[in-house]
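Some structures are shown below for you to check.
One chain, chain A, appears in both complexes that follow, with chain B as partner in the first and chain C in the second.
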Partner chain A sequence: MSSSAVEAEAPDLVCQLDSVQGMVDALSAVRWKRHQDAVVELSEHGVVLIVEDTGCLQAKVYLQRELFVRYEYNAEGRPRFGVSLGLFVDCLNSFSAPGRSSSIQIQYPGPDMQLLLKSVDSHDACIYAEIRTRIPDTISWDYNFEPAGGTPLTFTVKVLYSLGVIISAALKEAIDDLEWPGSSIQIIVQPDPPCVTFKGEGHGDLQIDFTYYVNTDLVIAFHCDHRVSYRYKYKFLRAITSNLPSSVIKDNRGSKLSIGRGGMLKVQHLVSVARAAAASHPHVDSAGHQQPSRIAYIEFFVKSEVDENN
Partner chain B sequence: MCNILYCCDKFGTLLRWDLQESTTTRRGFTLDSYHSTTTKFGAIFYFARENWKADMKFKAFLTEHGVSLLERRFLPALDKMGKICHLFLTRDHAIFLHNLLNGDGVQCIAQFRKQALFDDYRISSQNEDRIAFAIDVSLLLRAVRSSVSICTEFGNGPTANRLQIKLVKKLPLNCTQPMPFLTFETKGYKSAVVQDVPISKPLSRAEVLELQTALDLAQDLPQTLVQVPDLNQLQNFVDRMKHVGDLLNVSVSKYGDLHVQISTTLITLGAEFRKLLVIGEQAESPSDDRNLSAQTRSERAISRGDAQRVQVSVKHFSRSLQCHLAKPDCTFYGIASQGSCLTVIFQFFIPGTHQTDKSISLHCRLPVLDPGSN
Partner chain C sequence: MELSLSDNALKTFSRSITCLARVGNELVFQASSSQLALHTLNSLRSAYQSVTFKPNFFDVYRISSTQVQCSVLLKAVCSVFRTPIASIDNLTVKLADPDASKIQWALTCYSGMKKSYWITCNVEPDIQHLSLDRRRFPSNFVVRPRDLNRLLANFQSSLPEITIIATEPTSLPSYAASEIGGKAVELRSYIDPTKENDSSLHTQLWTDPSEEFVQYTHTGNPVDVTFSMKELKAFLTFCEGCEVDIHLFLDKAGEPILLAPKFGLDDGSVSNFDAALVLATMLTSQLNEGNPSEPVQAATTIHNQAGTEAQERFRANVSEHPSDHTRIWSDLSGSAARSGNGVEERPVKIPQNLNASEQRNIQRVSMMQTTEDAPIRENIPAAPSFTHGKVEKDHEAGAQDRSQINVHGLSQRHPSNWVDANEEEDGDDDNELCVQSTPPYYEER
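Moving on to the complex of A and B:
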């Protein structure tokens, strides 16, 4: 075949997802405002979507290629494009039908640099979409996470989920409760007693302690060398948990919190993107835990207000 | 003292008023208000000619099936179409009409042959036994619902707990003028309940004519109708896609394709349903169309004259789908001639069969926002 200028090249990416709802859940977790511009980066490893707020809050959604039923990557380098997050999620949601698994194919770029989507599992009903993209601005800060001091300061908080109609996670609940005191929340981590404390002072005071050894079903791992204390704006902490999908609660997931140099807070959630009929899925083992390949990683980075570390 | 007065109203009609009989006149007018003046001829009474005539009557019994149809299916659906509708009663039909006299919203027509809802149906008026008035659908639904809950007692005989509905004029508290109501009366074994649903003043002869004309126009069927295979699927899709934009392009082709699409500067999102059942004018889809994109296929069909496309409001489209609450057996979409509106027709089968129940009809007409392309 002769290669003329008119002949179409293979698109950078053609991928197929067997459950749209999982992707909707993962991306919805980083929606905290009505209008958010996201940057999408494609690579041979998967898709990353990044959103940011005023240089103080950044969220990333990692969708590894193993999540996709099909992932054909043909680009050189890592193409990046900007897209409206709300529009992308609302559009994906239109492909989803309750009680049915819906497969979609995503392709980039289209003839006009658009993102192309279409349903692939239907019998004479076809849903399609084209979303306009733009050249992204450079992300103002791409945080390389560094541990404070020489030793990583990490702790894992396993959040408690109540079974039943009302779903609540301890972290989400703590942050929800902290809305009442005020706009600046102090997070204190100390080794003795091993405890993570959330403190709000404003219209009244509220202190919530998660103590290792005491709340063993809430805190499943803990590590801390010296006391650290930082303040964060409430609205940014709120953004971290406000749109946690219900699957996170049903699956009894833990959210990992880390504080690094200068008080940078990192929170990582795990969102299952498996199909609704996960019970029959070959990847699910007898304990009911999902294999990592069916998980999307969501990371939030929040800059602290004042470095109070002593 | 004289008991008989001869009066002349503003329109020059000579009337004989018998004081002892109080308010009835020879011509059957009910006097609600009047003015009087004293002249050398004695008192002369002037009164306004009323639309309400004492011989405007409506009375019927709702059958059990009729109550069930209204309470469980049709009134909940009509409640979604709009707060206020017209109820148009004729010798043979009871028709609920939304937005027929004002231009903007979704028009909805629910027509019942009297036997579908009523027993012992009696109607009379000076306008060929037609009566029409406006009513709040939610109040009507509430009245029917509470009547149903009362009708649990078993009395003697077949008429023991029947639900009677009639047109009355009553004087409510804090009012100087009697007001019209549609009254529901339930007589149980031990209790009787009367519920009055307020209605508007009945429409004048001219207004009824306007309504009838609009109704006749609304019965015009599109030439091609396609059947929706799965109403739930369509409703689910439209409920989600309406977050993406406000305007919906709908195209219907003679090949049996229904294509709905939202298109804004940032996004195009659409769904195409192919090989649907067609009623009316149909055509074979050209074989080379098979592998085209939905958009191209629609464009080509339109340019061949085999399809029409119109633009409607997503909100209107979504609202008309609320008619699913009436539990129709089939749903059809079609575009009226010249692209004047988008019509959706809901069909009901006789229970236990696949035959259309011709005593019930429900359809909506959506206003078109853009002159459609032919």
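Moving on to the complex of A and C:
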């Protein structure tokens, strides 16, 4: 724990996770390239990991402290460090083995500002890993949805313009299909008929409509005051669903789509980080939904190409 | 034009598109008040497929003018069918007007998603139409897809072309199971004689049509047709999915073959869709000695065979040593492939010590002849000899021997299928690798 007897300072964070696989699922959801540099921010609320692409696409993974079995936070302020996302996920993967307890302890910082990982409760072997970190570049933009006149909030958002909650599996299917038309996808949200439409035009055209009926399970929630329409690059939309963990599809979760100021698209996924034996968890209800503390929030922000709205 | 379909019709339509996509690149739509025809022609112009649907195949069938015609890329249509069929409630195809530049394909999924594809029509479509009268084919057979699958499984999966040799089911008295007379149809892998690096599997299969086929009609001299496997397999998959038998019509080498689904007992009258696949066949018959001044192999286009357009030929490299052509047949594995169910390997190696029944067979061979009058050239044994495991380096002497047998009688099987007793003078490794397949059969009699 402490680096030496002289400095009796506790590390900024020592936390313990009882299911590595859940964390791997959550972090994998924001992988869309082989090499991605992530910025990790620690706070008393939990851990946030942020990745970015060319200033147009940003993804955040929120791991609230309630997800951890143990969360000891001793820092002042909010320490931030940079780490290679692929390396971090691959490292976590090496701790998880099927049929075995995969509890790990994560500590930051180590003696040389590394991230330290250690397996816990494993009787026959101990796995220990250190990951080098670096001083993060400042994030070029950090988008927070602003409610009218309110102060920006980081962990909760208020929707400004419109939202729809679409079944994640269907959203993924739609974005996969949109590969055919072309590079620029138009998203239209309109109140009448209540519908979210994705449109791609290229050597052929494809339009996919998600209409809000009260009785289908495709669009779970819908709110729209007036028609909005913006264009986004296909490759960024693709990043939103390309690595969605299979648990999201199996749990039949919905993804929340919102379009905010200036055409900023926000898509939020819910990823379960509970252990595989969660079926015996007393809090799991028949629909498979679990207590909010067992869910990691993934947020994607995509800047629109052109502001077509009015 | 507006069409709408769902359920089983949608499944059949999807299978049709898959099959058409395996044949050609461009899909031609021709809709009239009596039917919708989809067809495609491959780029080599050696395969033509059409699928036709009657109006009652569809839930909705509306044609504005008398005939609507357009053409789209099959790849684009296949993108529409990426969505799993099981999740599609309905497909509607719309062409706003006959000159519209795009066809709309609208899928309504059970989940509630609605996907609308607009596919651009080709500006200058290459619309060919081909129809062959099934009655003009002298020979035909009907086979169940799973049976044909089983027969084709004996062949190398990457085999490009296959030869079917049809002979008249003999009426000679049978000497029981070993009698060749029952195996009237032969399937043979076609190997390009000009290919230098030939390490592929060669297969020959003799089958009894009464056991393997639902129906078989062939009279007269043996005929053979050599055609592409790729389209055959595509059509087989199509028929298998639609749960119909395959009807194959053939004439002779150089003439196209026609494949069609066989519905029930009467021909297609109960079904609301139909399909036809026309494949060009190689000009050179595998049964005959070819004229050496001509290319050893040439595939013609179906148009030429149907007499409508200029022919495209693939000129073979005729400088290849002709005896390579025969050598390939002797590179078969040492043991004859045996599979059950009426498919038996024909005994082709006749040992020196012949018993009575074997001698009877030799006599039959002597009485056979080919129907071809083409001069027998020493250097071009177009019909290979089948000697299991025996590598024959110089075959010219053997060819000459065979040519003498050819002179008399009508042939049911080409005599070069048989190794004449004389020919064993050539070989020095008669006993090595030679499958003495004849004795077990004959001795059991």
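Definition applied: the second predicted complex is superposed on the first by the 275 of 310 C-alpha atoms of A that agree within 3 Å, B and C clash if a C-alpha of one lies under 4 Å from a C-alpha of the other, contacts with A are read in each partner's own complex, and residues count from 1 in each chain.
Throughout what follows, a residue touches a chain if its C-beta (ideal position, glycine included) is under 8 Å from a C-beta of that chain, and two chains touch if they have at least 3 such contacts.
Keep in mind the model is a prediction, meaning the values are calculated, not measured.
A.B. asks: Quick check for you: in the superposed arrangement, does A:L206 touch first (chain B), second (chain C), both or neither?
C.D. replies: Once the two structures are laid over each other on A, A:L206 reaches chain C alone.
A.B. asks: Just to be sure I read the superposition right, which of the two partners does A:A97 touch: chain B = first, chain C = second, or both, or neither?
C.D. replies: A:A97 contacts chain B only, not chain C.
A.B. asks: Name the contact category of A:L87: first (chain B only), second (chain C only), both, or neither.
C.D. replies: After superposing on A, A:L87 lies in contact with chain B but is clear of chain C.
A.B. asks: Could you look at A:L218 and tell me whether it touches chain B, chain C, both or neither (first, second, both, neither)?
C.D. replies: After superposition on chain A, A:L218 lies in contact with chain C alone.
A.B. asks: Given the touch rule stated above, what does A:A174 touch, chain B (first), chain C (second), both, or neither?
C.D. replies: second
A.B. asks: Should A:I131 be classified as contacting the first partner (chain B), the second (chain C), both, or neither?
C.D. replies: It touches chain B, and chain C stays clear.
A.B. asks: Give one of first, second, both or neither to describe whether A:V14 is in contact with chain B, with chain C, with both, or with none.
C.D. replies: It touches nothing on chain B or chain C.
A.B. asks: Per the definitions at the top, what is the overlap between the chain A residues touching chain B and those touching chain C?
C.D. replies: In chain A, nothing is touched by chain B and also by chain C.
A.B. asks: Name, in rising order, each residue of chain A that touches chain B in their complex.
C.D. replies: 84, 87, 90-91, 93-94, 96-98, 124-132
A.B. asks: Which part of chain C faces chain A closely enough to touch in the complex?
C.D. replies: My answer: residues 76, 79, 82-83, 102, 111-120.
A.B. asks: In the complex, go through chain B and note every residue touching chain A.
C.D. replies: Going by the criterion above, the answer is residues 229, 233, 236-237, 240-241, 243-244, 265-275, 293-294.
A.B. asks: Please give the residue numbers of chain A that touch chain C in the complex, ascending.
C.D. replies: Within the complex, chain A touches chain C at residues 167, 170, 173-174, 177, 180, 203-211, 213, 216-219.
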